[in-house]
Amino acid sequence: MDKQMERQTEELANAYLARQMSRRTFVTRLLALGIAPAAVGAIVAACSSAATTVPSVPPAPSSGGSSPAASLGPQPSPSAADLKGNVRFLIGPWSSDEVAHHQHIAQGFNAIYPNVTFDFRLYQWDTASQEINTSLTEGAHDIYMTTESSYPDYESKTGFSDLTSKITDPSFAGELAKYQYMDRIKSYGPKILGLPISFHVEDAMFVNMDMVQAAGFDEHFIDSYPTFLDCVTKMTKKGQTYGMGIGIQLGGYAEWYQRLRAAGGSYLTPDLKSPNVNLPAVVEVTDQMASLFKLGIAPPLGTYTYDAAPAAFAAGKMAIYSSDLASTTALPASVPFTWKLLPYPPGPVSQVNFNDLSIYMINSKTADQDLAWEVVKWWTNGSSDAYWADNSGTYPARSDAATLGYGTNSAPQLAEALPLFQAHAVGLENFPQWSDVENLAEAEIQNCYAGKETAAQAVANVEKIVKQEVGI
Amino acid sequence: MRLSPGQHRQLRRQARLKRELTAWLFLGPMFVFFVVFLVVPVVGTVWWSTQAGGIVGGTTNVGLQNFQRLPDLVGATTAIQNTLIFALLSIPPILIGALAISLVLARIGRGAAAYRFFVYFPVLVPGVVAGLIWLFLTNVDFGLFDNVLRAFGVQPVTWLGSDTALGVLAALDVWRNVGYWAIFFVAAIIGLPEELYQAANLDGASTAKRFWYLTLPLMRRILFFAIVVSTIWGLQVFDTALVLTNGGPGTATTTIIFRVWQYVFGTNDKVGFAAAISLVLIAAILTLTLTQMRLLRSRRGDD
Amino acid sequence: MTTTASTTDSATGTQYAIEILGVTKRYGKITALGGVDLDIEPGEFVVLLGPSGCGKSTLLKIIAGLEDLTEGEVYIGGKLANYLKPSARDVAMVFQNYALYPHMTVRANIGFPLKMAGRPKGEIEQQVAFASGLLQIGSELDKYPDELSGGQRQRVALGRAIVRQPLAFLMDEPLSNLDALLRVQMRSELLRLHKRVGRTTVYVTHDQIEAMTMADRVVVMRNGLIQQIGPPDEVYRRPANRFVASFVGSPPMNILDGRIETADGRRRFAGPIPVEIPGLAGATLDDGPAAIGIRSEELVLTGVGTAGSFPAVIELVEPVGADIFLTATVEGGAIITIRVDAETNVAEGENVQVSIAPGAIRVFDGAGDRVRLTSDAA
């Protein structure tokens, strides 16, 4: 602990002992200084025993201006003794140490509320929506980390608690302002079901820049499709290196979808009344993707799985591979070449990057809704989000995360690429069947990649899938 | 003392009542389980098949619409094809392999228990774990299969590619089930009367002929059972497809039950649709089983 | 007896149908056959008789080739058979449980050996028709074994053996699964068949009546060793030892234990009853424990005072049709069985006087072997 931090800690402790700030505020500010949760717990415990042995120090006169507590966090918070119980999480397996990251956040929470215990269970990405739906029906968990893709569906049902009144409560307004992308959540419907924690790019290109340079290009090779194709063609060395690994991301999640959007298509027209898939430009981009396989630029489907791809990339077996940002945590510590995160090249209509939010939501079957709400607030506060996003390989949703430690552990490539991804970001469309359509559509398109059907057939089938699933 | 017909009737009734009471006492628990775990779900499935909506939200009755829409479903043919091809690829090797293994196992005296355990071991591995094991075996860079190919100087194969994934899935199924049936067959073979083989031996039947004229026909019943049951199982393949390939690449390993699973637990309230598919599958399996029964039970001596 | 390694022919040069030389069979430490020698003439009906576990079935299976032997040689038709597979030994076997193929019709069962030998269909048909006619099962040809009675199954099993026209039939307790009446009937039918077909037959049974009625020669076995080989009559009348005496015959021979004593230069048997044994003087026999054996029909009820007679008390009277078996106690407590004809009027508890028919007494030495008496016929 350096001198400055020591002095700040002392000041905070004095203020806390002088009852100038709440216990919660005290803990939050200690954490904001970058003190480890375990250490924070020790400091708070020491101060608390001091507070009981040294009774009622009269409040020092305010040094003018707003009190420190006013600027920190939502105000009336339950006292430590009030909150007790066990909170069960169902969360995504972002990184290999995912549970440890959550336990770290839980330690901070327990520094204030020692009587709350936690269980963390991970779902599998492949079966996330199935596991969440089952758990929701059975009341097996209290808090869920969901992806935005299913949000329109959740919005149309009653499985998750409606948090609108809590989130729009004036006392929460100061805090609410720090959640970015709240507008996106609000846009899906009248209810607000949760608070966002990450802004996640689902299909970024992990690019081996050494190979790009050797092929005679720089990072601008993604500025047009022809240069992109030229570059990946040149980087392909038969039996040694594939120029561009696609179809690796789980079920191809959103991989083709962002090409669909780049070609000016979408599953439904903006009024959500008719399909908008079967366009010539969409067939064209689909054919482009399929030809990567035909030309041997992309490894045949099934060669690399989501889990095996990072190692293959690090070993130079793929010059580029397409995956989500969490893949950064799976890359070896030292990759023997320079690499960058880049967006996909433009399509016939625009350059597009698909991203979605991760959101914490509460099971409507959970008995102690207030406890769950306190926990969700803690998990999505600036320092928790910073810590989690930093270690799980994604962008935090909180605007204050950057000042609270984000970027200390994550790959530097992430921060560098953020502006690129934000520039062309698109999300999903607001209809409840979106994620099922997406799953079926990507599988259908992969049949085309595998040479089982033409691009035109696959695109026509996707349009049929949209009609069937949406029921139009 | 002669009893009147009325007295006889009464005594007979009492005796019968007592007997039936005992019978129900024993049958009762089984019957309850039967109703709770079989009748209720089946009736439930029939009810669901007429509904739109999901487990979480409410439902509405749509009559037979779910069934009417089935033929138009994109990928329906593929799922049916995949399931049938899978059954054809997996069942014959399972049964032939199990028979071959059982013939060897039945002859082994010393260490028989150990060999039987090794043969049976894959059966004990849960489907999900089996899927994971095979993920490692089929990995292109460090998996056992491609390492062997490389050792022989053969080009490595993308085992889970769209043309081979279904075959790998079938191979996994063979690996998992061959031991199960082998143990069944061993028990059957050991139970065959020794004297028949001695007689056949004296009658001049070679080993191959003894197998063909004695072992096979004498195992007819168990073989028939194995064919029917493994067909039923084969048509329901799912868990390994989920873990190994998640139905892909594309829809290469998307089977009928995989589609059912997608619809039941998918985000998008298609339980009724899933129920309709299940009922069609049940009907298909029933038809197939009855056909098999008719074909296989053509001759006397099998009743 | 030695053979040169190069020859597979019978060492003796005699054309026996089956020749067994010094055959032993051991399962680990257990000896099932302890060195068996047996020659069987062509066309002979030989019965292997003994209690269960005596090795008779093992010996049969060794002849058939279904069991390996530990030592010794088996010659069939003059050829060394040790290393021939069962089907090459030219023998057919009939099993205790018939061993019919349950999934084949009678026709297919009988024709099976011919089918395996690759004979043409027409010939198989002809042979099956012949055998089934011989065995009177011509009308059952299209039935399955489980539709047949025990006797019919037995005939099918025989038919299957007959069509092969083997050098020898091997029969392993073929009648033991039949009820008593059927057994008697099949016994005579088997004999008739044997006379018609005229093949060498080795027949295993534990039923001494079967052995006595059917055999040309009986081979009595015990504990893996042959006790006696001979025609039924000889085995019955001149058992080689106490075991054979007590195993053959119903009721078994009366055996009375006592001692051989020499007093006043005269050798006599001292036992529960007073006996005069004419040929004892010149017999090779030392003083010591011994026993005498007398068949039940060779004991006669006589009047008091008859020379050589002794008193007995009737304990049990068992009429068995033409005869009555009397169980009686003699002085000293020994029990004897007397067979008298049905007309005899005796009651339980009655005191009677018993005498012994001349020449009826066999003497067994301390080891149980029968002692040759000078009075015995050559």
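Each chain carries a letter (A, B and C) given by its place in the written order, and its residues are counted from 1.
We adopt the following convention: a contact is a pair of C-beta atoms (placed from the backbone, for glycine too) under 8 Å apart; a residue touches a chain by one contact, two chains touch by 3 or more.
Please read these numbers as outputs of a predicted model, since none were measured by experiment.
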| item | value |
| --- | --- |
| Chain nearest the overall C-alpha centroid of the shown protein atoms | B |
| Chain separated most widely from subunit C, comparing mean CA positions | A |
| Geometric centre distance via CA averages, subunit C-subunit A, whole Å | 94 |
| Interchain centroid distance [CA atoms averaged], subunit B/subunit C, Å | 56 |
| Approximate Å spacing (C-alpha centroids) for the pair subunit A, subunit B | 41 |
| Multi-partner residues of subunit C (each touching 2 or more other chains) | none |
| Subunit C-facing residues of subunit B, complex | 193, 195-196, 198-206, 209, 213-214, 217-218, 220, 300-301 |
| Contact set on subunit C toward subunit B in their complex | 61, 64-66, 85-87, 91-93, 95-97, 99, 101-103, 112-113, 116-117, 144, 146, 160, 164 |
| Residues of subunit A that touch subunit B when the two form their complex | 126-127, 129-130, 133-134, 136-137, 150, 153-154, 156-159, 247, 250-251, 299-305, 308, 311-312, 315, 317, 432-433, 435-436, 439-440, 443-452, 461, 464-465, 468-469 |
| In the complex, subunit B residues that touch subunit A | 54-57, 69, 72-75, 78, 135, 139-141, 158-165, 242, 245-252, 254, 261-262, 265-270 |
